[in-house]
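Take a look at the structures listed below.
The same chain A turns up in both complexes below, where it pairs with chain B and then with chain C.
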Partner chain A sequence: MTAPSVQGVRTTPAAAQPFGRGGGRARRRGHRLADLAGVGPPMVLFCLFIVVPMIVAVALSFVRWNGLGAPQWAGASNWAQFFRDPVAHTSLVVTLKVVVLSYVVQTPISLALGLFTAGRQRYRAVYAALFVLPLLMSTAGISLMWESLLDPNFGALTSLAKSWHAAFLQQNWLGDPSLTLYVVIAIIAWQFIPFHTLLYQVGRRQIPQVLYEAATLDGAGRMATFLRITLPQLRYTVVTSGILMVVGSLTYFDIIYIMTNGGPGLTTRVLSLDMYNAAFQQDQYGYASVLAVLLGVIGIAVAVGLVRFSGFTSMGSQQEGAA
Partner chain B sequence: MGHTGVAHRRWLAVGAAAAAALALAACGSSAGSGKNASSSGTATMWLVTTGPSPANTAVQNLVKSFETSHPGEKITLDFVENQSFKQKIQLAMGAGNAPTIFFTWGGGILQQYIKAGDVQSLGTNPSWASNFLPSSLGAVTYNGQLYGVPVQGTQPVYFFYNKKIFSQYHLTFPTTWSELQTTISTLKSHGVAPISLAGGDQWPELMYLEYLTDRIGGPTVAQDLQANKPNAWSNPAVTQALTDIQTLVRAGAFQTGYNSTKYSGSGSDALVFSGKAAMQLMGDWDISSILGSDKSFVTDGNLGMASFPTISGGTGNAADLAGNTASYVAISSKATAAQKKVAEDFFKDALTSTDYAKAQVAAGEVPVTSGAVPLFSGQQLQSYDTSIYNSVQTAPSFQYSWDQAMTPKVANILLSNLAQVFDLTQTPAQFSSALNAAAASES
Partner chain C sequence: MRGSRAGRLLAVLLATVWLVIVLAPLYYMILASFRTQGTYLTSNPWVPSGGLSTSSYGTVFSAGLGRYLVNSVILTVACIVLTVTISLGAAFRIVRRTSRAASASFVVMLFGLAIPIQAIIVPIYVLIYKMHLYDTLIALVLTLSAAAIPVSVLIMVSFVRDIPRELISAMLVDGGTEWTVFRQLIWPLSRPVLATLAIYNGLNVWNNFLLPLVLTQSPNVSVLPLGMTKLEGMYSINVPAVMAGVLVSVLPLLVLFVLMRRQVMTSLGGVVAR
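Showing the complex of A and B:
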């Protein structure tokens, strides 16, 4: 495209200029077309599978519909039902517990493991491979494996408790109302820590070694280098991993559905499970849409809030300590 | 893989219900275009399966012989996996794309389809209906009209017990509630878990409520519940049944971790045949289930079967049953006239035939066909089959499993609240008011 104007041998500036400008316009137009061609298909898919369903969910939250026949207009009654529904309120609290505890448990462990696997210790690669194992397993597999390990009658932990005389290992892990939520949160952490470990490992590897050398010359100890260099440099990794954790655990469903189905009582009944029950067990698509919209709004609000609050949008390179 | 899963789950959550709805709406609009019309003379049929089984083969053979004896009439048979069936048929019904002949458990879900005008009536009292035990057709009868025909056997619920444990401690199976409580304390004193309960699946807990309600208040209580009568859940029989359940829980009648034990895998069955627990309340499929896990336990005659005990002062008959009376097939009203004819011929000429009853027995089922007793002779489970069949035939009332008989909404709320009663996290009064509210929203 640009070749003629560059090659313009002995043309007068007056003659060359319009040609050159024309070429520029054509180029810009070409870029715009190329941009559209590139962005178009994903935008169409995004609208079709994300924006449209969201709009439909909002619309459905105002109708009564059991999946058969025509939906009936219900006004705000589905929303009023949410405010009167004690189960939904419990679910909201359980969901918040899962989100907060998942973040609190997963972040420090992932950070520690990530920094460890980014190092140069002996057998590091072996450990790193072991840590990543849970990432290779399907959620259903993880659930069934833990279910059989924790079985109060035939489980491995119960056998251990008997042979080691360790009574504290013999618990009704998935049926004790004061215990089960924490067991489930621990298993979710076991599943997702490897992924966040990888994020931190990559983040740590990208911090230039010169920063550490300089700090060591200045007499900084291990703690000081961690607090003054590693942590600030990992800031955006912390934010990325945090958003994924929070939004992911907000809508977490699989392991809880398979292992406890919300029980015992309502102790592990998260909002996504409540929504599943409303939609696919009770055929209350209107009310389920209320829960879906709520989950969506909370998820988007939390994600946007985290991005704003952490200054993630003004993300600049911090390589070489440029910031 | 993991990370895309996490990142996109938010969007999945937002769009899940909506996407399903969108798909429905899209299909619904094309429903009138006559997708079924092209295949006149060929009916489609969906049955539920939990995996390859002799019962499936029996139906396949039945279809083959039906096609041979009815030239020009064809049936395309599909098996749908049990767990996904409820959703799949609901979507197909909503979209007007249901198969000509569809599987159903009868009860509340079938009633929803009938009310929406999706099910073809089979008339008030077709002549061939007398081929079935009368108690088996209640679940598919609505406003006096018959809507379905039994396709697979009956599944009443009994206590199944480990005879070795009972003889070891010189016990006979209790016939009254107070005897049961004595038996429980004896077994506990010997370190045996009295009752194995798959509470992690919730539905096994419902069997206790069904039987206790019947034994205390008789069959009319459950009929009121299923009709969503106002405050039916506050019936004293229900409250008493819930209180009795909590008394059992407090007495330690169920094994450690009863509320997280599941029926499948090394679950509640294994506790019974391994001798860790003495008994289990379960549908009659439990016999073949234990036969599959520990064959000699059954063939050596260690598996006992007994009716649910009576309760003194209760008005229910000791011979009343609870469970799945049968499973059925019904005809979609959206099918073409030619398809409906094929389906009706199939019901009349094939499903009611003695040959099919024989094939069902050979497949380990207990059919609800009249006069089936002679068919059981020589079968591996002859004694079980005969007593099951006789108890179904003589039962004054056979109440259909509530989670199938009630509408999906009430059934789901019922199971989750009953689990809390078994967990002792909910009182009978709280249970009743939650269920009354759910029933009121449905009527």
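Showing the complex of A and C:
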């Protein structure tokens, strides 16, 4: 996503050229003032609350600090602690499970629903509008809703289990160690599939209709059209949606914090929860920063990797060429 | 889409299954919010019978939900105004390319797209604490706006870039200054994209949980997502009250959605798909 825009700025030089009026120096000073007034405020805000914390996070990972008094240099001991910490290893595995399963569950469903809602029929617009509803809810709201829905005693699923005589619906959804992680992943999917559906819907609508007409003339079937036209044309949507999904689920916190707080046992303990607990429950800011830096680095690495791997950067020049 | 009748029917069927998965929990929540604590326990949660009442809504408002609602509105409006105006100003300067510094800062801001807020939450907390802003709404306004800047600037730049350069040159030749160009040309032309971004950022701010959780504490600065979980702490056995709280917090967004559905949907999907 970054590359096309950077290129775009470079390829629009004309606006910067002088407009044939004299007084170059005064003009340049005016420009510099205008730039300062325009770019300054967001840069200050951004640097203060995003860039500086990023640097501080790395620095904090090398100190021992409980939030009071002066931080003490700790060398690599926080990092060594991470490699010895069995809880951190468990959280790493749980986090990877959340990432992989979220991707595997959400992508096909979002793709299918996106293609469905991209249709121009009236009733599909109604479906599309209703599909969006979970996006309006906060994670806190979603968590509280599902918590009471899944309550093993008075929950709505338990009541269904009774009236339909469907025993499998009667489970301790948020308390059974073999189930809870999958329940949480399902709820995350419920929350985010609508967003990715929208992405695929927008992507599908941007595919030129001519391609489909040509395919029909060539006698291509439904499957061939999907594999040869829809999917290749959607490759950038697949990458964008994939990056957002992977980075998003890597740092997923809210639902797990509210609904299970990592339990039962350590079955839903993810890295971001580990980090939150280390910092705000145990006052180990140094160790928490190790986990935070890891989250950031893995996230950036995955994003860059996906961009490279998919040749996403080449899209920029294509789009610029077409524009 | 073309295809066989059976294929189309299957597609509609599967989409309807997903629709049920989306709507059933919402239906359950609405119904539960209109029960009392007693009728919730005794009646079938899927059937709207056996006495509905609005008493839960009274309960949550007397428990302080109104305060949370006001805080959320203040926070969201402040963040929208702040991010949208400063991002547009920045985008204008970046597109004008009058100095290397402007382009360089654009590249810096784009890196922000890759930074998850979870990875920098500890230093943010320390920083806010040192600035004596802990437990204030200002802390949330500043941090949530900062987090929204990369996406906002990116979208604005891609929009402002499409404004014909001839218009800008013509205004400058006619004796206009950079400021008049911004105020009389860029600002009015950008209205639609401003609305799109306002909705996108507004939703994110309204629903954000982590920053309020870490940066605030007292009920008088709590925003809705955090306040709701506090309600749950107070009324853990009063499910109708908790559901009423959740519904009150989505209601403003639902109204917005009904009034401007198309705009909201482009905001959500279009901002990223662009």
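Here, the second predicted complex is superposed on the first by the 267 of 323 C-alpha atoms of A that agree within 3 Å, B and C clash if a C-alpha of one lies under 4 Å from a C-alpha of the other, contacts with A are read in each partner's own complex, and residues count from 1 in each chain.
Going forward, a residue touches a chain if its C-beta (ideal position, glycine included) is under 8 Å from a C-beta of that chain, and two chains touch if they have at least 3 such contacts.
The structure displayed is predicted, hence computed values, not measured ones.
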Which superposed partner A:Y182 touches (first chain B, second chain C, both, neither): neither
Touched partner set for A:L174, first chain B, second chain C, both or neither: first
Chain B versus chain C as contact partner of A:N261, first or second or both or neither: first
Touched chain A residues, chain B compared with chain C: C
Partner chain in contact with A:V202 - chain B first, chain C second, else both or neither: second
Partner chain(s) touched by A:W79 [first = chain B, second = chain C, both, neither]: neither
Chain B versus chain C as contact partner of A:V247, first or second or both or neither: both
Touching partner for A:F62 - first (chain B), second (chain C), both, neither: neither
Partner chain(s) touched by A:I50 [first = chain B, second = chain C, both, neither]: both
First, second, both or neither for A:F131, with chain B first and chain C second: second
Shared chain A surface residues [contacts with chain B and with chain C]: 49-50, 52-54, 56-57, 60, 67, 135, 147-148, 151, 154, 194-195, 244, 247, 250-251, 253, 272, 275, 279-280, 285, 288-289, 292-293, 295-296, 299-300, 303
Chain C to chain A touching residues, read off their complex: 1-4, 7, 11, 14-15, 18-19, 21-23, 25-26, 28-29, 32, 40-41, 44-46, 86-87, 89-90, 92-99, 101-103, 105-127, 142-143, 145-147, 149-150, 153-154, 157-158, 161, 165, 168-169, 172-173, 177-179, 182, 203, 206-210, 213-214, 224-226, 228-229, 232, 239, 242-243, 245-246, 249-250, 253-254, 257, 261, 264-265, 268-270, 272-273
Footprint of chain C on chain A - complex, ascending: 1-2, 5-6, 8-9, 12-16, 19-21, 28, 30-32, 34-35, 37-39, 41-43, 45-54, 56-57, 60, 67, 109, 112-113, 115-117, 119, 127-141, 143-149, 151, 154-156, 159-160, 163, 190, 193-195, 198-199, 201-203, 212, 216, 222, 237, 240, 244, 247, 250-251, 253-254, 257-258, 272, 275-276, 279-280, 285, 288-289, 292-293, 295-296, 299-300, 303-304
Contacting residues of chain B [partner chain A, same complex]: 1-3, 5-7, 9-22, 24, 87, 90-91, 93-94, 112-113, 116, 118, 199-200, 202, 255-262, 265-266, 270-271, 276, 408-409, 411-413, 416, 419-420, 423, 425-426
Chain A - residues contacting chain B, complex: 49-50, 52-57, 60, 65-69, 87, 135, 147-148, 151-154, 172-175, 177, 180, 191-192, 194-195, 244-245, 247-248, 250-253, 260-266, 272, 275, 277, 279-285, 288-289, 292-293, 295-296, 299-300, 303
